[in-house]
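Same chain, two partners: chain A is paired with chain B first, then with chain C.
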Partner chain A sequence: MHCLSCDQEIIVEVNWNTLFKPAPEPKLCPSCEAKLERIAGKQCKRCSRLTDQTVCPDCQKWEHHPTLAGALAFNQSVYTYNDFLKEIIAKWKYRGDYVLREAFADAFRDQFNITFKQIKKDAVLVPIPLSDRRLQERSFNQAEALAQVLDTPYQQALTRIHSEKQSKKTRHDRLASANPFQVKTPLNKPVILVDDIYTTGVTLRHAANVLRESGCPKVYAYTLARG
Partner chain B sequence: MKSFIHSARSLITPTYEWIPTPSQPSSAPFNDDHASQFHGKLLIREEIPLDDPTFRSYLINQLFTAIPSIEKHLWGHRCRRCGTRAKRHFAPIPCARCDETHVYCRNCIEMGRVLACEPLYYWTGPSPNWSQQDHACHWDGNLTTYQQHASDQIVKSMTTPKAELLCWAVCGAGKTEMVFAGIAALLEQGKRVCLATPRADVVRELVPRFRTAFPHTSIQGLYGGSEQKDTPGQFVIATTHQLLRFAHAFDGMIIDEIDAFPFHHDPSLLFAANRAVKPTAARIYLTATPRKQHRKRVRAGKLATVFVPVRFHGHPLPVPILQLCWQLKKDLAKHQPPKAFFTWYKQRSHPDRQLLIFVPTIELAEKLTRTLQKYFASSGQTIKSVHAADHDRAEKVQQFRNKAYNVLVTTTILERGVTFPSVDVVILDAGHHVFDEAALVQIAGRAGRSPKDPTGEVVFFHDGKTEAIVKAVKSIEAMNKRGRRL
Partner chain C sequence: MVKGYWHIVSLSVVVAYLTISFNTLIILIIFCVWLYWMFQQKRLKILPVILSVLMLPLSMLNFHQATASINTNQEPSQVEQFNGNIISPITETDQKVEFVLKDTQQRKLLLTFFKNSYDESTPLSTAKHGAECSVKGKRSEAPSSRNPSQFDYRNYLKNQAIAYQVLLKDPNDISCDGASLLSNIYQLRSRLIAYVSDSYSTFTASWIQALLLGDDSNLDEQMVEIFRHWNLSHLLAISGLHVGLIVGIVYFMLVKFGLVTKEKVEWAMLLMLPLYAILAGGAPSVWRSSLMTVFGLLLLKWKGKQNATDILSIVFLLLLLFNPLMINHLGFQFSFLVTFAILLSKEWLQSNTSKMFLLLKISLLSQMVLLPLQVFYFYFINPTAIFINLLLVPYFTVIIIPFVLVLLIVSIVIPVIVPVVDKIFLYIHQTVLGGLEIVDQLLFYPWVLGQFPTYIMPFYIITFVLFMGGLIKQQYRRAFQYGTALIFTLIIISFQPYVVGKGNVTMLDVGQGDCFIIELPYRKGVIVIDAAGALSSDFVTPSDKTYTQIIKPYLYSKGITKIDALILSHQDNDHVGSVPYLLNDFQINQLVISDYASIPKETMTLMRKQPIQVKTVQSNNIINVGEQNFYVLHPDHDYQDTNNNSVVVFTEIGGLRWLFTGDISKQMEANIVAAYPKLDIDVLKVPHHGSNTSSSELLLEHTTPSVAWISVGMDNRYGHPDNAVIDRFRQQGVLIMRTDLRGAVQYKFSQDKGTFFQYLP
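For the complex of A and B:
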């Protein structure tokens, strides 16, 4: 077994326990694994940012947004978007190294089952879509790939109009941009949106907004990283 | 059965018979520049900057030929771009382009992803008309007797189909000038040549030197992040990694520092170097410290060799002084150089020389620099550290070359390629495993590079001689002996 990130060989210790009941194969070497920071402890109850406040200033601002206020019940993220995760996610989605998903699949599943234990029973997952052009470019949608590791059904209920790369925009541009999403399949159940990164939260709120306008009672977000 | 044998054979040695031969002159319309831009390259669609209609018409007219990118064998896969067949380098992807799940190559993904559903493209249009100059090389310097001898051998090999020659030249032999004539000989016949080197720094340094020496030749410098990937070159100076984009392109190939990392460690680079040349091409290998596999072939008389045992300024190589320090590991754990270092430092014969200190790890380089800063501050000596993870690496090296500071602490990243005119060289913990024989010889070779200061002190501080240390000293002495004999 080699580390998916640094390609170092991973030496798995064999003891009496692992001999009879093999542990799941590690995907990252201990030193790469240690660079991932799980979000734990005090965080904003709306967006998962690490803070002592119950609701962080950004989320307080969102409550006054003319059109997007209240669109999203809350977001839960799994990891802090640190330099290491930034590098891995970039390699995963921009270079297209699909298998890197396995590096965080287990944690992504575990956290989901904790946070959405009750909610997931009658909710449906909706991965944030890519525009057709972007999907052709990357040949997979990272949000869909994440939704697939969860044991809750997902539906491609949204479509996205092609626009400039999100990562090239400033915060101001992003907040001011028009809603790129359209509802393909209206859903009248609670929805858990799935995406790779929560940065400003505007993308997820745009998606939540169109879903709610088409009859969805409540929208949550579940993301791999809190930027 | 036949395919089984074929498959089994290809497990052991990669074959290149899938590379198409360029067709005869085509009547299809195309832009002349594209022949020189794409000739001999093996590219994924994303690397071909043509719009879809143009690209499609080129494909229909067989100016480009599509080649399956990943071979499927009974034993697994092989990527045709990088040659890997390691299982872990092939991962499945549910692909939205073709709606199927298939593999992609993880090994060469940094150069753009190779998907099994997408071909590699190879130029099969007319070959470019490279210029045929009467005199390609305008360098008018003089070669030493040894350089001249090597240069003559290189010319002879370069112009002989399938020839192979190992040029075993000491650090500071002046190898760049020795290959000028060989390169010129092929360029003058309208042929295409490549000089491959493991390091981007070296490409950046060589390109202007060759442009001056070969003013009327189109020269292309290729390394990760270089900007002019599309300007075609009759003469290509590239990092070994960039060879992953070539197939049957060159009539002659010079591989610089054939023993060096990463060529030595990454089998896909050897695959790429073999594929990048035409089957008839000549190959020249340059090295100061050949690896076992090459030495074996030399001894067995299976690899022609030319020695250049003397530096271009005629002085022998400095022989390292070995200094045993029992407390070395303890001192280094405290980020302190051993006492013997200070003793040597105070008594060195040319205190005006700059000092290069090699240490085994990045961490030690940084911490030791902090310790020494305090020590040197009183005498007005300035010190910096440079290592692989350093963003200002190029700038700091240049500053040291400009004598902007006195002492440079570094790791094996500066073991080769870089030259400073007047330095003493020290290794702290020369017995550490990162310092293999080749590294030690290369490091010692940093001293005495300039004709104005052709000597220099080289001291290996260690806490027990390793085989590598003993062999490195022996090999330096052997070269000096060979130099005296000639």
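For the complex of A and C:
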């Protein structure tokens, strides 16, 4: 076995916990694993940012937004979007190293089952779509790839009009941009949106907004990284 | 790839071994189901699973074949001629020379010469490893166990695939030719051992021999026993600690003093370590540690990566492939189990920086992981042993082991200063061991658990694994709960006899002598009637053999540390020889002797150590232990003869009436019959081992026993039991049970019903 990130050989150490129940095969070597920062402890209850406040200033501002206020019940992220994760995600989604998903699949599944334990029973997952053009460029949708990891059914309920990459825009541009999403199939169940990164939260709120308008009672977000 | 999963393959070999030795399929089935389940859950890949499953029948076959060649049919013992090769090193002690011969029929024979039976000037110098020999001698089966919990020498040899023992009297009965390459190392070993004996004082030599050459036969036996009390035996067996230290010291000296390059030293080590393992006597722990070091060095050279559990497992598999019988070795089991446990606990052990704390953790871990084995073999644990380990492990590591290495080197390089260093060593080590001896006398309170019930074993193991798992995850609450459960398990084992309503009366086979043990139901009392001692081969010096090999293991296996009444019929060694040892190890509430007997002085001194109530009795007295009454029927006055002054007791146990008679003669029997005309019994302890001077028709007709228990030695020099006595019992239709024929005899009962058992078939 070799580390998905640094390609070092991984030596599985046995301990008393894995003696009778061997651990799942590790995907990252211990030193790479250590560079990932799991979000745990005190965090903003709306957007999962690490903070001592219950609701962070950004989220307080969102509550006064004319159109998008209250679109999203909350977001949960798994990791902090640090330099290491930035590198891995870039390799994964821009350079098409599809198998890298396995590096965080287990943690992504575990956290989902903790946070959405009650909600997931009647909810449906909706991955944030790419525009057709972008999908062709990348050949897979990272949000969908993440949704596939979870054992809750997902539905491609949204379509996206092509626009410039979010990552190329400034915060101001992003907040001002028009809603790129349209509802393909209206849903009257709670929805958990799935995406790779939560940065300003505008994309997820745009998606949530259109879903709510088409009759969806409540929308949550589940993302791999909190930017 | 199996990498990272070799321990599962090893586990499969252990499962195969347990399946064969306990003759049950349950462990095997559970293991297979577990393998399948883990494969389904994607926790195990296909390769380790296949390899593990394949290993099961293979190693079962391997274990089976290793001992299958043994034919246990007793054949007439005539002088025979055996031809074959010597396949073991020649071991020589003060009393005997021993080695194993594999004959042309592929049978393994243990050849034993007792030194006192031949002239030492014609030594067995041609007997070497690998030599081809022809031997004339009588084949005999090794003695097997004759009592519950007694060490079984025949089984011990069988576990080494040795079918017979051949006792040789005359060195001319063996002629050998040739030798193997290995014999050179074995000879070097013997020479080194002899050299050390010549150079140093007995005490110092014994420690150099034990710690560097793996020969502990010269260590003081009492000290070895004390080491066992305090779980220190691992210090006496050459293991990772010693090998690591020796490698470290040699490496340091050669490299730091710039004698050779690092590279060369490493290659030299690779060659030297296996040779050292042979030189040090080839005990499993030496092999384990030196092979692991070899693997480690090779990996270092090839820049390979392999986790330590894999290395341990591969060494385990290799050793068993080479010699499957090694798994029967206590040292093998202890060594691998402890090493494996330490490797599994790495995260927990590494979580502290303090060396003392680390040592405490390792001691605790070793003691807990070895506990089931310790209880299985020795029936007791010593919880405070951890603290003694904490003191003595660093002492051995830092001082004694380097010291003996220096002593050996000094004796070769600068022999002039030998007397000086010898004195220094003697002074230091004797002081420390003296301290240990005092600690042993004052603080050794073993927790005697008795036999570890097999059904509790899986529960203990699982709870222990969960406990350690909790410690590793730093879930201390969880760990605490499981730890408590572990202690409770032990307490439950200890209390078992107090809730079980079964009792028994046991006549131990102590050879020519008496020892009866009565265990009342619900542990309401333990009564011992007589405790025979043994004599050394000179028939004069008392020996603790009967006590340490028969009486103590039996009592310990039952979890007994307290004897409510020790009734001594009379003062002969074959009835009381083990009493001093009993007084030393057991709490004795009441000591009962006849009014006309006296306690020997030495016994008196021993008795000062504990408050014992001494009760002297004569006829018409009653000894009571709880609700159990023993009626004393004899002696009514002083007969001026130890045998005739024997205390005779009558009691009712388990629905039967018993009469214990010591060594009384016919005249005394007549007196008893006259004094108690209505005396009617079921079981008679036949007086005086079945001598014709006792067991009169009068007694038999009057008391009408239906069972006669005779405690008598096999082929004893008195001709006991006398044929006339046996005839008398037969004529009366009395069922005879004899220790010389059937080993220990037991009557197991609950309430008023019971059954007789004889230990040997």
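Operating definition for what follows: the second predicted complex is superposed on the first by the 218 of 227 C-alpha atoms of A that agree within 3 Å, B and C clash if a C-alpha of one lies under 4 Å from a C-alpha of the other, contacts with A are read in each partner's own complex, and residues count from 1 in each chain.
Here is the rule we use: a residue touches a chain if its C-beta (ideal position, glycine included) is under 8 Å from a C-beta of that chain, and two chains touch if they have at least 3 such contacts.
Since we're looking at a predicted model, the values are computed, not measured.
Contacts of A:Lys184 after superposition: neither chain B nor chain C is touched.
Within the superposed three-chain model, A:Lys86 lies out of touch with both chain B and chain C [touch as defined at top]. Contact with neither chain B nor chain C is seen for A:Arg133 once the two complexes are overlaid on the shared chain.
In the superposed model, A:Arg38 makes contact with neither chain B nor chain C.
Residues of chain A touching chain B in their complex: 2, 91, 95-99, 135-136, 138-141.
Chain C meets chain A in the complex at residues 1, 3-5, 7-8, 34, 38, 42-45, 305-307, 309, 343-347, 465, 468-469, 471-473. Looking at the complex, you find that chain B touches chain A at residues 88, 91-97, 104, 106, 109-110, 113, 115.
Of all residues in chain A, those touching chain C in their complex are 1, 9, 11-17, 19-25.
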